[in-house]
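Labels run A, B, C, D, E and F following the written order; every chain starts at residue 1.
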Amino acid sequence: MRIQVINPNTSAAMTRAIADAAGAAASADTTVTATQPEAGPPSVEGHYDEAMAVPGVLARVREGEEAGVDGHVVACFGDPGLLAARELACGPVVGIAEAAMHMASLIASRFAVVTTLARTRGMAARLVDEYGMTRRCCAIRATDIPVLELEEPGAEAHRGIAAECRRALADDGAQAIVLGCAGMADLPSRLSRELGVPVIDGVSAAVKLVESLVSLGLATGKTGELAYPVAKTYSGAMHKHSP
Amino acid sequence: MRIQVINPNTSAAMTRAIADAAGAAASADTTVTATQPEAGPPSVEGHYDEAMAVPGVLARVREGEEAGVDGHVVACFGDPGLLAARELACGPVVGIAEAAMHMASLIASRFAVVTTLARTRGMAARLVDEYGMTRRCCAIRATDIPVLELEEPGAEAHRGIAAECRRALADDGAQAIVLGCAGMADLPSRLSRELGVPVIDGVSAAVKLVESLVSLGLATGKTGELAYPVAKTYSGAMHKHSP
Amino acid sequence: MRIQVINPNTSAAMTRAIADAAGAAASADTTVTATQPEAGPPSVEGHYDEAMAVPGVLARVREGEEAGVDGHVVACFGDPGLLAARELACGPVVGIAEAAMHMASLIASRFAVVTTLARTRGMAARLVDEYGMTRRCCAIRATDIPVLELEEPGAEAHRGIAAECRRALADDGAQAIVLGCAGMADLPSRLSRELGVPVIDGVSAAVKLVESLVSLGLATGKTGELAYPVAKTYSGAMHKHSP
Amino acid sequence: MRIQVINPNTSAAMTRAIADAAGAAASADTTVTATQPEAGPPSVEGHYDEAMAVPGVLARVREGEEAGVDGHVVACFGDPGLLAARELACGPVVGIAEAAMHMASLIASRFAVVTTLARTRGMAARLVDEYGMTRRCCAIRATDIPVLELEEPGAEAHRGIAAECRRALADDGAQAIVLGCAGMADLPSRLSRELGVPVIDGVSAAVKLVESLVSLGLATGKTGELAYPVAKTYSGAMHKHSP
Amino acid sequence: MRIQVINPNTSAAMTRAIADAAGAAASADTTVTATQPEAGPPSVEGHYDEAMAVPGVLARVREGEEAGVDGHVVACFGDPGLLAARELACGPVVGIAEAAMHMASLIASRFAVVTTLARTRGMAARLVDEYGMTRRCCAIRATDIPVLELEEPGAEAHRGIAAECRRALADDGAQAIVLGCAGMADLPSRLSRELGVPVIDGVSAAVKLVESLVSLGLATGKTGELAYPVAKTYSGAMHKHSP
Amino acid sequence: MRIQVINPNTSAAMTRAIADAAGAAASADTTVTATQPEAGPPSVEGHYDEAMAVPGVLARVREGEEAGVDGHVVACFGDPGLLAARELACGPVVGIAEAAMHMASLIASRFAVVTTLARTRGMAARLVDEYGMTRRCCAIRATDIPVLELEEPGAEAHRGIAAECRRALADDGAQAIVLGCAGMADLPSRLSRELGVPVIDGVSAAVKLVESLVSLGLATGKTGELAYPVAKTYSGAMHKHSP
């Protein structure tokens, strides 16, 4: 099985870290390809960044489809372009935020999301609601560490994240932690040991969910909202993106 | 006051129709400029179309800001790029779906949305939820008329829309109709006469709301989720969009 | 256009303050008339006060209708009698709580209401829910300043309100403030400057919404819940209120 | 124990019917007094009627308090003035809509409300939501029988109500019926036999709930939203209602 | 009337305390029988305990039915086996959590649940949601007193509970307290005097609700989800429980 | 990896069918053991059946734990005993209803559940709500085929299920089908071909989710609601179940 993991930002270091996490999670007979948009924001830290990252993500989805991959992971905690990607792809597409939250809901009554910049808490809150996790997600906590500092997180970033997790356990009643950034994909096992609770990284969770769907023969239903895009010709510089 | 109304698709005929509706709604001392993306989908009929329309919408928002407009209307019923546009703009930005629904909630306990293609019903349902209108919106009905047939709606399109509205009144208990496409902006007064209930077009509603906000000195709060985008350099072909 | 703004309490000083705020918000070609019930509570600080204020409000709505006004504003943050007034009136009727909240939702992801007595917080919470603002309203904070002390707010009242607003920004993540009392109608611009976030007064917001609805030719739908009252004769002292 | 049952409309025939239902439900050692406002609407069929009935209801509550009754029932399915009555009274106050719905939720997973005029369905829907019954109430059906025709319901009214109940059982999956009008208080036992499901009348349900609360020593909490009204002097014709 | 009150745990001391509370609440012409499972957990402090207590509870329901009781109370705050008991019984079955919450909602806008072990807070939260009390229940607070220490609560347990109640009043805005354990059935009157707010014990509340339902001739609707169990033969050691 | 799949009823034929579906879904290096309670109901068709099936399910969970299995699947669409099993087990426990719904939400905006007896629709509705799937699940349809007729479904049962699925697609807007009974585990591929939409069986979905969780090193968080049961001695015949 071939799964394409798309890092929506253009940081090659983060793509490598995501590739590592995805590869470690994948089954022996799964080939994971990690990629990133040709052009776009170096990090996604708001709605504008996200909107500008999406066309590059969708171009990668299309290329993956043409290359015959079996499924896709969108590896940014805002799940940017997820529904558009589902329209475009034949196989399943899973976002890391939804993957992490669904997995968390199977092992905890209440979980907390620990994310990067405070301004992205609102974005996470919208996803919690969209995915039906309102009663499960007891807190969305921000560390105010910029995304790209996670490329090579030093002791301080790790300490900041762990401290915020501890607050979620003590003050919010969280029984599990969802890491709210693809850049944290290398942290769960160490954090889990330190904290004594499950810590969930969306990249590896999404890889397992795509593998599961593919092996069950399941893919996006194509009869309604998520049908293939209506064929039409886009104008100007967007012509190449015409569905 | 200067308001920029952005048609997210590239149909010049629809931009003209939107300009007419916006101009008719605007106060005497408001200058309305209608515009459309330089490149992109000729119509927005799904999540993929929407994602590919958004960069062009945001580019127009930025140009409008540089030209000193006081506020913006995003004139497609999916409100594409709305939150990103709010980050980018100094003044208020209002989408036509939210405008129509908020207005409808002031004059009816229950309203129905009557839209174009059946596949866009899911998109409308997400907005109904996002805007807190779940208890107010009693139905989302589709006419299955493609968006661009509304450019010059003949008698048949009109009849189809009116028939769906009548079903919403009789079967769903709607007390008002929200038209679910910017391309229907010329229909409300005639439909309202025929149906005997208020019929709300989002383009004119949004123009009035932007005028209202600007005249009250109100604009997007810039202290949290909707703060200006974090300054950074986008790579490659997206460089020009760097915030 | 003629708009009647009804202060549900019998404080003439507050009616004057409301008239000032409404007049300042109104367009040049709008005539605002501010009025108050002939008899009733001097301030509305609970459900009983509200119930006893409503007949006087509705009498003013009827008189306004007979005098040919185009729309009405109910200028008390509990929106007392709003649905009954919508039944009675031909044109639109807007309450200041709904006006402020709808406007706030257009410029902020999360807003806080800052109100007067703690006991009225429950009333505000019901409206937040009724208007679909549960996910948007992050806090309802009380200053415990009695309504009528706002007639001539001294430095202390202002400081108390500002302090509560600051807590809403720092502790609750509010990005905008909704002032929860018509008696605060003169505060928004000064508070907004001090706090650095949008501050919304319902009186001016409601005036703009009524103006918008009237200019769009929109009024309460009369086919269902909000149809004109069923004609009947009320008995005894209520005879004069017969619909 | 003394319980006052207040019919919010001024129909003496309906007050007698309510008195009969209340008396039949009351325990041997409970004295039920049925009353109606001195002045007001002969029937409550909309928000305006309701608003104008409330002052008369509250006057009766006050008189009952002065006469030393132990609790009150508000006997109109809109529960008019309920929260204001709770502020005013020392003992418990229960509305017939809330009583019927709470009781229904103890004996059925899903119940339907069968009411009178179609326009009052919206009022019932607001109460369903207010009382947390959204998942329990599967339908609100109207018979379009005016309230006062229920004073002396002939075979036709009975047949109309029974037919609507049958639709609720067959089409909506209702397992119990809540009768949505105090004027239907004499119907439950006969209807229940005909339909083979529990049929709940709010008047008798509310009497039992007030008896239960009083005998448990429970009454409205007076520390927050429902504290006694703030002492103040109402002006003009409302002076007599001053709290 | 005969009501059977079932203590789901096997503590005879707690059954006696429950019998006392139930007897004190019952009307003169009601006979209350308190019972407990023949075998099972000595206390219910989690989902596993609850699951293992339920067969014993249901056996008692069946025995009560055979003995001709008119209704049942399930006297553990998790309402274990409630829906299964409703299927089995001819008359009404009421749980103490639902009883306490419904009663609380009639006398307070916001109530808090004060319970025993912290781990049972999640169980209470599920019931709050199930019973439609999300907007009414402002807090679920745990004292971390094990259930069986309540058999003979000393001054310390009482102080711990009272302290948690005070926090609910001061910090959460509770206007009434719901006691979250059948073992607290002797506390409400003393606590209510100390705290100055209504304090509700579910055992006595449930007794009154069963009495009310029985006297109104109401029992579980048997046409859908809660119909009598489908007749079938259970295998092995469960044979005796065959419906 | 070793996964135990527990059929909560005592039908050996159904256990075999479940074993087949589970085995077909499992990865090459996963050993699936299918089991059923020693004693209990031959089918689960209501709350009473479910309550009586749970102790046998939990006994199997304990035996599996002692035998060192890595995770468990509860293979009945009501997910009976799920939370108790999570308390008891060291590794993850997944129910087939939650598994199917979470998977469905990844590939469809709206799905329908097609189940057996009409009376179990209420049970499914509770799970839809519990799992946050209210906006995703557009219908719960019953075929009124008894569970055990699915042991060897003939052409008629298949036709009945397919017909109900078609109604869900045409009338409810479903984009995918969730099969609401473990006894339907052999149907998805054939049905999916016939219907042209994804059809999801919970048994295979749950096996993949347990595999995924185990391979990610994730298991139930043990710090709160789902901690191991409190050690205590159960009395009488339940002694053997003491935690």
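Quick notes
Everything below uses one rule, namely that a residue touches a chain if its C-beta (ideal position, glycine included) is under 8 Å from a C-beta of that chain, and two chains touch if they have at least 3 such contacts.
What you see is a predicted model; the values in this text were computed from it and never measured.
By the document's definition of touch, common neighbours of chain A and chain B comprise C, F. Chains that touch both chain A and chain E are the following: C, F.
Annotation: B-C is the more contact-rich of the chain pairs C-E and B-C, by number of C-beta pairs in contact.
Among the other chains, the CA centroid farthest from that of chain A is the one of D. Put simply, the C-alpha centre of chain E and that of chain F have 29 angstrom between them. The centroid of the Cα atoms in chain A and the matching centroid in chain C are 44 Å apart. For this pair, chain C with chain F, the centres built from the Cα atoms lie 52 Å apart. Of all residues in chain B, those that touch two or more other chains are 86, 109-110, 121-122, 129, 135, 173, 224-226. Contact annotation for chain pairs lists A-B, A-C, A-E, A-F, B-C, B-D, B-F, C-D, C-E, D-E, D-F, E-F, with touch applied as defined. Considering their complex, residues 10, 37-43, 45-52, 54-56, 58, 81, 83-84, 86-88, 117-123, 126, 129-130, 224-227, 229-230, 232-239, 241, 243 of chain B touch chain A.
Across the complex, chain F is touched by residues 25, 27, 86, 92, 94, 98, 102-103, 105-110, 131-136, 169, 173, 175-176, 189, 192, 196-198, 200, 204-205, 208-209, 211-213, 215-226 of chain A.
Chain D contributes residues 109-110, 135, 173 to its touches with chain F in the complex. Residue ranges of chain C in contact with chain E, taken from their complex: 121-122, 125, 129.
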